[in-house]
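Consider the two complexes below, in which chain A is the common component and chain B and chain C are the respective partners.
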Partner chain A sequence: MRTRNLLMCSAVLLMCWTGIGFADEEGAFVEGTASVGAHYSDFSDNPQRVGEFVNLDATRDLQADMYLNLFGGTENTLYNINLDYRDIATKKFEFGVDTKSLLSADFRYGSFVHNLDHDNLTNMQGKAGGKQVYNTDHDPMGRYFMEYEQFQGDIKVDMPFLADGQVTLGMADQRRSGYKQAMTIDHCAFCHVESNAQRVDQQTRIWKADVKGSVGPVSLNYDFAKTDFVDRANTPEHYWKSARHPVNGNPMDFPTRQQFSDVTLPYGQTADNDKISHNAGIKADLQRLGTLKGSYTYTNRQNYQTGIEGNFTAGALGYAVKLSPKMRLTGKFLAYETKVDDAFIDLNNFRAGDPVAGNLDFDWNRISSANRKVYQGDLNLGWKVGKGKHLKANWRYQIIDRPAMAQSQTTYIFDEGNPGAREEVASTAFENKTTINRIKLRFDSRLGLKGNYNLTYTFTDVDMPYMNPTAMCETSLDGVDSAHGPDGRMYYFQRQRFGNGTNQATQAHKVTGRGSYQLSARTSINAFITWAQDKNDEMNIYEYSRDLLTPGLNLWTAPSDNLLFTLGWTYSKVESNANMCVPIFDG
Partner chain B sequence: MDRRIFNWAFSDNRLLLWGLALCLILSTGAAAQSPADFVGTETCLDCHDDMAADFSRTVHGQLGDYQYPGLANGCEACHGPGAKHVDSEDPEDILNPTAEMGNDGTDLCLDCHRTGHTLNWEMSTHAESDVSCLSCHKLHDNSSSRALLAGTEEDVCFTCHMDTQSKFQLPSHHPVREGFMTCSSCHDTHGNQFQEIADGETSRDACLVCHQQHAGPFVFEHSPVMEDCTICHDVHGSVANNLLRQNEPFICLQCHQPHFHSILTGAEGDYSTPPGVVAQDPNYDGLSGTSHADSMKRVMLTKCTQCHQSIHGSDLPSQSISGQGRALNR
Partner chain C sequence: MFFLNVNLTATDKLNFFLEGVYSMSTGSFSSFTGLTPEGIDPSFPISPDNPSSVADYDFSSINEYSDLDYSQLEGTLGLNYKLDKRATVYGSVNLMDLQDDQIYVYGDLSGMLVTYAAGMTVGF
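What follows is the complex of A and B.
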């Protein structure tokens, strides 16, 4: 921290020196504002909630703060300096320089603290029959927070021989460091939830290169980015105790029903990863015939821990044309495919060694939910219906084709009439093809000379929206005990379920309105409203609905150039209905 | 046509050359204006001296003569050739883009700002909604270093997006009102081919710029994480913690059923580990608690992520074999 602050002070001094140096040149100017002040804050009860982004280490004492903004230059150079210092961990500064637009550079640094919750787990205790739940917080007084830091720099070099020609090289360095609460659970050895402080030391480094330029009516753009993410903190470890019967605590054969037991293993692991992306675009200005645009994107992301890779490939076409001085048409088409490697999950056999049930194999092949092919088309018509009056209509059609939207857990039914027979009743992947139709209408109008308003209505119709299929509600047992095997023992398999669950709508209506009126030269009033109604009446067990209403009113008045009063009121109501499907007790 | 001539003319490399030549010809045609019609910025500022200082301090006033070949520079880049206006001093003889061109003269801006951020402008949601360049940018009398915005980024965006502004006042929010993020941290206001997001291809990628720890790709996935972060999170602000659309467990129970233990009636009173267990394993020493009738409901229906903490995905299998390792407990 001390080194970083020394670096920041040095950078600020360097910037100010740069500004002073420029000031000696002919035609030089410098303007800006500087303010110095102090603030005091104190929090109680849940400071991490009401002061989510306040450095709590800097409360209860008077803290000096400083704000500096300088803008200056010479005939050939412009520069700007911004400094916003609130406390040792909450600060940002920016420096930009532009030399006749041939070479420009921007550097930005900022840091702030994000306070995180500490769950004391007090609800995690209880006893029902022999089943018992315990909790242990190994860091009961711990305060959890994340300090975010980001340095970002861009250098742009113009290519004078090319219209809008420019090469940009950029990098960003993000740090997330601090402590968070890490929890994990032993189960079937009683439920014992344990909590520890987990050190976080994550860094994301992004390198970017961008080339753009125009030749005649054709404009080109290519950008490349590479992102590297690492977490340098040690992964926490936990001792998973010897599994025991959850009711009487006896060892029995429970370890053979667990993937691991009586062993120390890592948990809460963060996966280091990298991403490479290429994006190329071309646009042709066809004059009165409109504008035609195409692009191609390819990205690759890799998880370093497992070697799993994902690729994204996309192509897009767009066309915009003025059909008449009052009418404009835009058409867009986008297609992309995401493909993530499959992963084979090799598990121990359930009750291995048991002569009756020892061959149950729960291995499965994980097909990624990210995999999909998406096709999307947009048509947009803008029409100037009168002086200051515009009507816009948009239609979007989208198809999302997934080989596996979500994967169901394997479920078994034991056939009591045929001892030893087990039937696997759920496949591991559910295909889903979502089709979306969206219509959007918007009307903009002036309200005399001093006001304006707009109204937008959006209707979305979705066939087979994203959902968790067969996630809830178990099938009728019909006299068949799915939990007890033919040997009469409890198997704790997931019972077969049939109910789909989602919070995604099949039909959604949304109306937004905004109006603004200038009451006087220095006073204006703005009002807005959002009303939305979502429902999904195509699920097989219940109807999901969500209603939202958010009106608001803002009053702005500026008695003088340096004084502004703002008064705002917002009301928000969200009401949703969903089904809670409680399973029956099987033990 | 002689086949050799055809082959010569349309071989792979020459096709590219033909294309470039066509572009150059079109470029020359587009820029055809008489140099005599232009008087230069200095002449303009002789009369409009009130704008002289401000203009020279903007990026537009700093452009070199070598930039934007074929296009005028300075005041006349936007206002057109000034010779006639200089002679007559009649405002009618000079172009006023905001008054005389559609959409506040946005097409004029696009003459120079053709690519990079504006490559997708014509297809953007803002363009489709008749938002013009001057809706957000102010060209004269603006010493703002940030892209000549007409105010701070939030001032500009919240002029129209007031409902979003109100959401940033909710208890859980991204640090926009604190000044550590801006709208353009996530949104590409000039449009891109995907979802108007600043970085990446899907809305999820926009989130991963800062939340790379959730990127994966993981062995054990939570499928909505791979689908769209906004299924669970209301990213502009929410009453529930962690930007959740609803508090736990209700957000979870929309797609999942609770454990069957939640219907169990709890025993009343204090309890400790079963007899004999402590003796067998010292790790159980001291495990005890207090139970009452609602205990199991409190355990199972308070916060799912107390146990399923790796809710964004994990490479580590969870403990239960019959759960196929996918419980996201590790």
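What follows is the complex of A and C.
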């Protein structure tokens, strides 16, 4: 097979070299590059990460490869063909044709392999004694990888009866297949971790239809897209053992303290879903009064496994005007809403056989943390302050209004003097309204005729950024907030975490500089640096900070006509902190 | 990260090229402080159901569990030889080498991949 490929490619190359086979009609032309070769790859030790995007099935074997870049045309038609064949799983093909009137089309196909890591679970092994985590890898020698394939095609048809009138019909087909590592957790949350190979066979198809045109100074466009996703691989199943006390093995009423006991269930399932989106836009050229733009977007997503539906609605307005020959002002306003259906989480009644402290219903209604209303305004001022010197200023004001940044879990308070009496404290949503003010200044300047540089400074002030409230650190067992059970014990669901956590800043500074200079006719230098500092000192148990420094230097030099060097250096350092509280198991 | 490209036109027909990228990446936590629980006797059983389960409250090495230290080199050395105005033959060796000096949960990821390539290119 490889020999046949190599012979066929060589024949094409020979035709290119000798010029045989190309028509020479009047006005017709064709030009390009063709390459035919072979390669052999070998590896030592572990090739999975170093060859992350190498098809390892094609190593230790001679492989034919080919490259073709062709551009041609006739009086009324242009076309291009690009082909890059590396091995059976690593290849690209592109074809485009433009008739210069009415019709043009582009088609692209590509495939590659992505090798994945294999977690050997050795960190999932507790010390002897007591309740401990342990692991079983049912596929210890498994090699995991994904094969990606994508076909994409667009056909554009002009509408000569409408200025700039054009209809675009497009389709994309993405496939992802292979094997990945899938894990299950058995019994108590971390007691037994098991690993298996999971087959993946996913397909995403996108269909789109766009239409645009202009009537006088007004341009209109409408874009429609439908996306569907399906995973055809069989969903793996796992047997969850009968729940027992993790130390003494007593079954008691343990099955009602777990969600799964003595049952085989699917896991690692990827839900089939689809998305439909509509986008309409308008642009009006008001001549000396400026330019006005507007758009509206509506997207609907359906999850066919859970039945949950999500909607995204957005509207935007933009206006641009020249205030003077050297000054331009633009303003943009954007508003959008994301709304996902609530999900009802149906849980087994806890300790169903315990009449005093049991038979507790922890069902709750999950409000998606993706739900939000966002309002954003931008003002941009561009000012030519001198010859070769430009100043840009941007002010952004944004409000993110979330009905449920997070939710507390359902819990119960017992009446210690009245066995069996309890009060349910229902799950509560943490509402959050984030307000962001951002100022950005950028200065661009030439350095004579041999160089240029720019400096950018950004300051962001955030009021109430996103965080995970009551995420960590419990009050002491003997704390006054402890809501003990009727027998004096504190149950897990009564533990009261109080620490908030986030990696979102309340204040952020960022400075970026970039410059290039031609030192001589044979040498030029380019340098850049980014410095950023984020901090959040408004949390209740720690202060978050993040510092970033990224300088870089590139040098291009040609000591002689025959010798060319390009050298580069980049350094990046990120330092941040987080708070950690260690939960002590069993109280 | 360092990168280097060198292109040497030795004769009208012969051209050598060398491309290389070397990167070093490290990641670590500083040592944790203040993690020892207050008011708990370390000799106290970790579980009241199992008196032999003595708690281990030593967190002094936890910060080292997630240390990362990778160095990676990718380089290509090759030559082109012009047969005539339109045709060129080429040959190259590509080396990819990864050294994993702090083994994480995926085991030792150190590995090396070498690819030898040769062929012919025609412009038309």
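Keep this in mind: the second predicted complex is superposed on the first by the 492 of 587 C-alpha atoms of A that agree within 3 Å, B and C clash if a C-alpha of one lies under 4 Å from a C-alpha of the other, contacts with A are read in each partner's own complex, and residues count from 1 in each chain.
What we mean here is this: contacts are C-beta pairs under 8 Å (C-beta built on N, C-alpha and C of every residue); 3 or more make two chains touch, one makes a residue touch a chain.
Treat the numbers as computed from the prediction; the structure is a model and nothing was measured.
Trainee: Is A:580 touching the first partner chain B, the second partner chain C, both, or neither of them?
Mentor: So A:580 meets both chain B and chain C here.
Trainee: Touch test for A:327: chain B only (first), chain C only (second), both, or neither?
Mentor: neither
Trainee: Can A:548 be said to touch chain B (first), chain C (second), both, or neither?
Mentor: In the superposition, A:548 touches no partner, neither chain B nor chain C.
Trainee: Check whether A:71 is in contact with chain B, with chain C, with both or with neither, and answer first, second, both or neither.
Mentor: first
Trainee: Touching A:164, do we find chain B (first), chain C (second), both, or neither?
Mentor: First partner only.
Trainee: Would you check which partner chain A:335 touches, where first means chain B only, second means chain C only, and both and neither mean what they say?
Mentor: Neither partner.
Trainee: Per the contact definition in the header, classify A:568: touching chain B only (first), chain C only (second), both, or neither.
Mentor: The answer is both, since A:568 touches chain B and chain C.
Trainee: Applying the touch criterion given at the start, work out whether A:362 contacts chain B, chain C, both or neither, answering first, second, both or neither.
Mentor: first
Trainee: Among the partners chain B and chain C, which is in contact with a greater number of residues of chain A?
Mentor: B
Trainee: Just checking: does A:391 make contact with chain B only, chain C only, both, or neither of them? Give me first, second, both or neither.
Mentor: neither
Trainee: For chain A, which residues belong to both interfaces, chain B and chain C?
Mentor: In chain A, residues 31, 49-50, 117, 119, 121, 123, 127, 129-131, 248, 568, 570, 580, 582, 584-587 are touched by chain B and also by chain C.
Trainee: Which residues of chain A touch chain C once you look at their complex with the stated criterion?
Mentor: 13, 16-17, 19, 22, 30-51, 54, 59, 65, 67, 117-123, 127, 129-131, 245, 247-248, 476, 478, 561-571, 580, 582, 584-587
Trainee: Help me check something: in the complex, which residues belonging to chain C touch chain A?
Mentor: 1-10, 32, 35, 37-40, 45-50, 52-56, 59, 65, 72, 86-87, 90, 96-98, 100, 105-124
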